[in-house]
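Across the two complexes that follow, chain A remains constant while its partner is chain B and subsequently chain C.
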Partner chain A sequence: MNFKHKYVFLFPGLFVLIGILIFPIIFVVRLSLSGWNSYNGLNFIGLENYVRLFTDDPRFWQSFLRLSFLSVTTVILQYVIGFALAHMVWKDIKFQRFFRVLFLIPMMTTPVIMTVIWRTFFHESLGPVNDILSNFGMSPKWLTDPVLAKFTVIIVEVWQWTPFMFLLLLAGLLSLPKEPFLAAAIDGASPVRKFLYVTFPLMAPISIGAIIIRLIEASKIMDTVYVLTSGGPGTATETSSFYIFIKGLREFQMGYAASMSFTYLIIMIISLTVIAKVLTKVLLKD
Partner chain B sequence: MGKLYKFLKYFFITFWAVFVVAPFLWAISTSFKDFNSVNGGATYIPWVDFEPKLEGWKVLIKSPANGGVDIVEPYFNSLFVTCTASLISIVLGTLSAYALSRFTFKAGFVKNNDITFFFISQRIMPPIVLSIPFFLFLGAINLLDSLIGLIVVYIVLLMPIAVWIMVDFFNKVPREIDETALIDGCNPYQAFFKVVLPNSIPGLIVAGMFCIIFGWIDFFFAFILTFTEVQLLPVKIVALNSSITPWWSLSASALVSVAPLIIVAFIVERYLSKGNLSGAIK
Partner chain C sequence: MSKIDLNNISHSYNPNDPNPIYALNPFSMTWENGKRYAILGPSGCGKTTMLNIVSGLVRPSAGSILFDDKDVTDLKTESRNIAQVFQFPVIYNTMTVYENLAFPLKCRDFPKTKIDERVKSVADTLSLQSFLNSPARKLTADQKQLISLGRGLVREDVAAVLMDEPLTVIDPDLKFRLRRKLKEINEEFKTTLVYVTHDQNEAMTFADNIIVMSEGEVVQAGTPKELFERPNTTFVGYFIGSPAMNLFETEASSNDSVKINNTIIKTSTNLTNLKDKKIKLGIRSEFIKIAENQSENLLDVDVDKVEDLGNYKLLTAKMGSLTIKSKINRETEVPSSNVKLHIPAEKCCVYQDEKLV
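For the complex of A and B:
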């Protein structure tokens, strides 16, 4: 095919994306090496922001650990539940389409708006959860207890994003070839063995893809936390994004926030690459 | 074994279905309450537990001067931003995806897969990293707090999704289709628009659905890059939450704003059952 046509197809999209992104990214790096205030604008201060971040800011690293805990926990739960649900509505089941649509619905709803509803749901004195639990003499502080608040964030995240995992895994299950299952049926394999030796290995590449996609999205978790607990109580549910948000756009320490953003981005890229490699090794060992 | 499994299966599915609908049922019930039925402790069933009132729904259509919540304008803003950004992303993304699927590119060590990865990897970028420079930049060119500024940002969010789905989709459309068209005397653009595109409608619909979902549900950029001139729906509703919260109008407006995308769930399910989504995720 003619040489130049291919560029006509590729370049509009590529250049629009690069055009929108290039200045912000260069600017983040530049900003991270600067002090910033509204009177003087930028003033170059070298690596000072990074020195501060690595030697004098435990709160950032704590927020990062918390983010890792929250995203890994929610993604594992989403994967297990999503796979179970997808497997259950994969084959003959009553009201198959009804359940499939129903299980997809949460991901179509705006997370912050549903979180507003969840806030009323978990309200300590007026919400239905504590109303029911009070019959058993319990009234947990869903949003103001440091440990329980993390748990509440996990519940809301699992509700919101299990459907996405479900969608990817169900699409995967529906695209599997039929032959291995026929062979297993002929061998008289039990359902458990069929799952362990046929379904699961065939689903491994799709599982890896789905887990990585979800980890990427889960690592951005911020608006749910903002609405549900505002990072509180104290800093019990504060994630990296949220902390950077506070420093940058609340306290207007733009330079320092930029250095945190850049560090955060690099850590994300490295850890996601490592996780992808490890998952591939573990799940695709044959 | 078989019976126990079946019991557990239906038990789990029912349990999850209840979990999924619980917040919606609670919101529907709450939207018909008034001050007394909210603040006296949790109540559930209208007429039995409390006397239903339409106050929560009425404020949605009242003007703000009369104490309404005025979500009509944010609603249309959201709709406009989402649709425009999705459309631009789909058009540009589809063209790029077609190029990446059909032609070979090579510039030094950069090959097709690297370009595809570059597109998709934009999803890895945490929004907060972009938000600070976007905030300063849009401010510098006077697009802060405007619809156009938001659309520009949303293109970055949505184009990766469009490219991701369409590259895989085009890979499944047989190359013979375009080759035949070329032999028949079409130029590459005619081949693309008249032959390949009509065969890619399911892919376009799926990509469009995903762009609309991820555009409609975004809160973060709208929250940071707009203030008073332009408000998008999620920002407006979260703002309701922070003032003295009237749960009834909050629930009613929340329901109104999540309703349109529930239709999308039906469309996605249809394409899922037909097997059109399977290629998109590998």
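For the complex of A and C:
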């Protein structure tokens, strides 16, 4: 069939795709090869930005390592806590519906606003956390100690996004077939064995999906850092996206920020592919 | 290996409703130690519910279950010491075949040497020896089902092995051999086997006793011969046997005979009390033969068609609006006209309100 008008029908979709996905990526690549300012316009400077990034900017690579640490730690914690909570409300327990909704509330709140509240919580002299802890003679520097500040970012991230993990894993648990559990009961498996040999293996594909989705999301961490610590103290909680934000939108080195964004994108694609492969190998044993 | 008593068991999935709908109507039954039972019935008749009640996956709404006279109604599946095999293979994906088979024993803390001995013996029975060390998930569907079956058989001390259509996914040749194997296992180890199926051939060839169910009711329990020759209800007559039992609506014409299309047919049932009542005459197509020298109980019929079904011929005959089916020898030549069919009186079953008189 030769349908001449098919392009007319394809156009709206293609237009949106090109407009919001293809064009920005191409533009970023072009931008990364230039120094962009109001005086010179989009002047082509070749690989200069990349040379600078790879030879003369340890701050970017440090922020990248920090990001890796933060996202991997938060996602692991989210997975463990999310799985535990999902497992808890999966079986028939009292107030099951109440708990299922309760555990989702953090996800429904606005991250920026919640982070402001957390910042107030953790305020060193005025916050309620230190108010309580001071009774025991402690007043940790939640936001100004380089090590503890990372810990605080992790707490807030885990609180905010564990519900998402919980939701995915609960949906997974509820979709599991019944027979393997019946068979395990008949074989006389203890609850621990049931979890190790039935629940966990059956959940492996869903777990991989959930972890990858959360890793992608967690790598984009920006608002929490921005509101909570602004990357501080010093650069102790500065992540890649926050550093790119500073270079691009604070110092207006758009070309350089673009080259970092593009490098970041490539590294993320490669590392997430590797992580997905490794997870599949470990969890599915394939 | 124990005797299993089901006392007034019934089950409803909405027991608190003022008019509960029963998935299983109240019934009592005893399963003797070391026998083979088949539960037979169409889909949705409560077979699986009955099985799950015995294994403890479902708690009956009323009644009690005794294993060797010990009440186990409130015991959980884990503590009942029962084995069950499901319709579709259930295996532990992360384990090897050996670990799969060993799992029920490991969970019960059997010594290693004993586990090894049992696993090897079961693997031998089910021809799984060559796969013992391969990961279970890499096997084909029927091999996986063998593993499920093996896990059911690996414990020697189980009260019974319950099987819920376990051979559905297995190809016919292996099915046949496995059924034989199961029979051998039963004879050798005196394991009580309970086998749920909707395939009457499977039930007939496998079991000493068949329990026929329909719509949550145990309709008849008996040996294959009893079910075949004296079905308790028209349902059993219809459900068991291929083709189904011939059933004719009729009325009693004397103390022991009925009238079918103005022909008097003698039966071996006393019909004195059934005069003027609606009754049905049932007879297996196996017992209807072309008359040779008999003088009574003959039906004049027109031959509709004769089908050669390999090991026998199926004669479909018409008599007015009645259809009569008869299984005859392959060698028998069917005359094209003037056919008389002989109905043996002693094989006739008379039904009133669908129940055997």
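In this section, the second predicted complex is superposed on the first by the 270 of 286 C-alpha atoms of A that agree within 3 Å, B and C clash if a C-alpha of one lies under 4 Å from a C-alpha of the other, contacts with A are read in each partner's own complex, and residues count from 1 in each chain.
Operating definition for what follows: contacts are C-beta pairs under 8 Å (C-beta built on N, C-alpha and C of every residue); 3 or more make two chains touch, one makes a residue touch a chain.
Worth saying up front: this structure is predicted, and the values here are computed from it rather than measured.
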item	value
Partners on chain A (chain B, chain C) - clash or fit	fit
Partner chain in contact with A:Ser175 - chain B first, chain C second, else both or neither	first
Touched partner set for A:Arg193, first chain B, second chain C, both or neither	second
First (chain B), second (chain C), both or neither touched by A:Tyr256	neither
Arrangement angle, chain B at one end, chain C at the other, chain A at the vertex (C-alpha, nearest 10°)	80
Contacts of A:Pro201 with chain B and chain C, given as first, second, both or neither	second
Contacts of A:Ala183 with chain B and chain C, given as first, second, both or neither	second
Touched partner set for A:Phe99, first chain B, second chain C, both or neither	first
Chain B versus chain C as contact partner of A:Val16, first or second or both or neither	first
Touched partner set for A:Gly209, first chain B, second chain C, both or neither	first
Touched chain A residues, chain B compared with chain C	B
Where chain B and chain C come nearest after superposition, their Cα distance in Å	14
In the complex with chain C, residue positions of chain A that touch it	179-180, 182-183, 185-190, 193, 197-198, 201-202, 285
In the complex with chain B, residue positions of chain A that touch it	1-2, 5-10, 12-14, 16-17, 20-21, 23-25, 27-28, 31, 81, 84-85, 88-89, 93, 97, 99-114, 116-121, 125-128, 130-131, 159, 167-168, 170-172, 174-175, 191, 205-206, 209-210, 216-217, 219-220, 222-223, 227, 240-241, 244-245, 248-249, 254, 257-258, 261-262, 264-265, 268-269, 272
Chain C residues within the chain A interface of the complex	55, 57, 76-78, 82-84, 86, 88, 90, 92-95, 103-104, 107-108, 135, 148, 151
Chain B - residues contacting chain A, complex	5, 9, 12-13, 16-17, 19-23, 26-27, 30, 38-39, 41-42, 44, 92-93, 95-96, 98-100, 102-103, 105, 115, 119, 122-137, 152-153, 155-156, 159, 163, 182, 188-189, 192, 213, 216-217, 219-220, 223-224, 233-234, 237-238, 240-241, 245, 247, 250-251, 254, 257-258, 261-262, 264-266, 268-269, 272-273, 275, 277-282
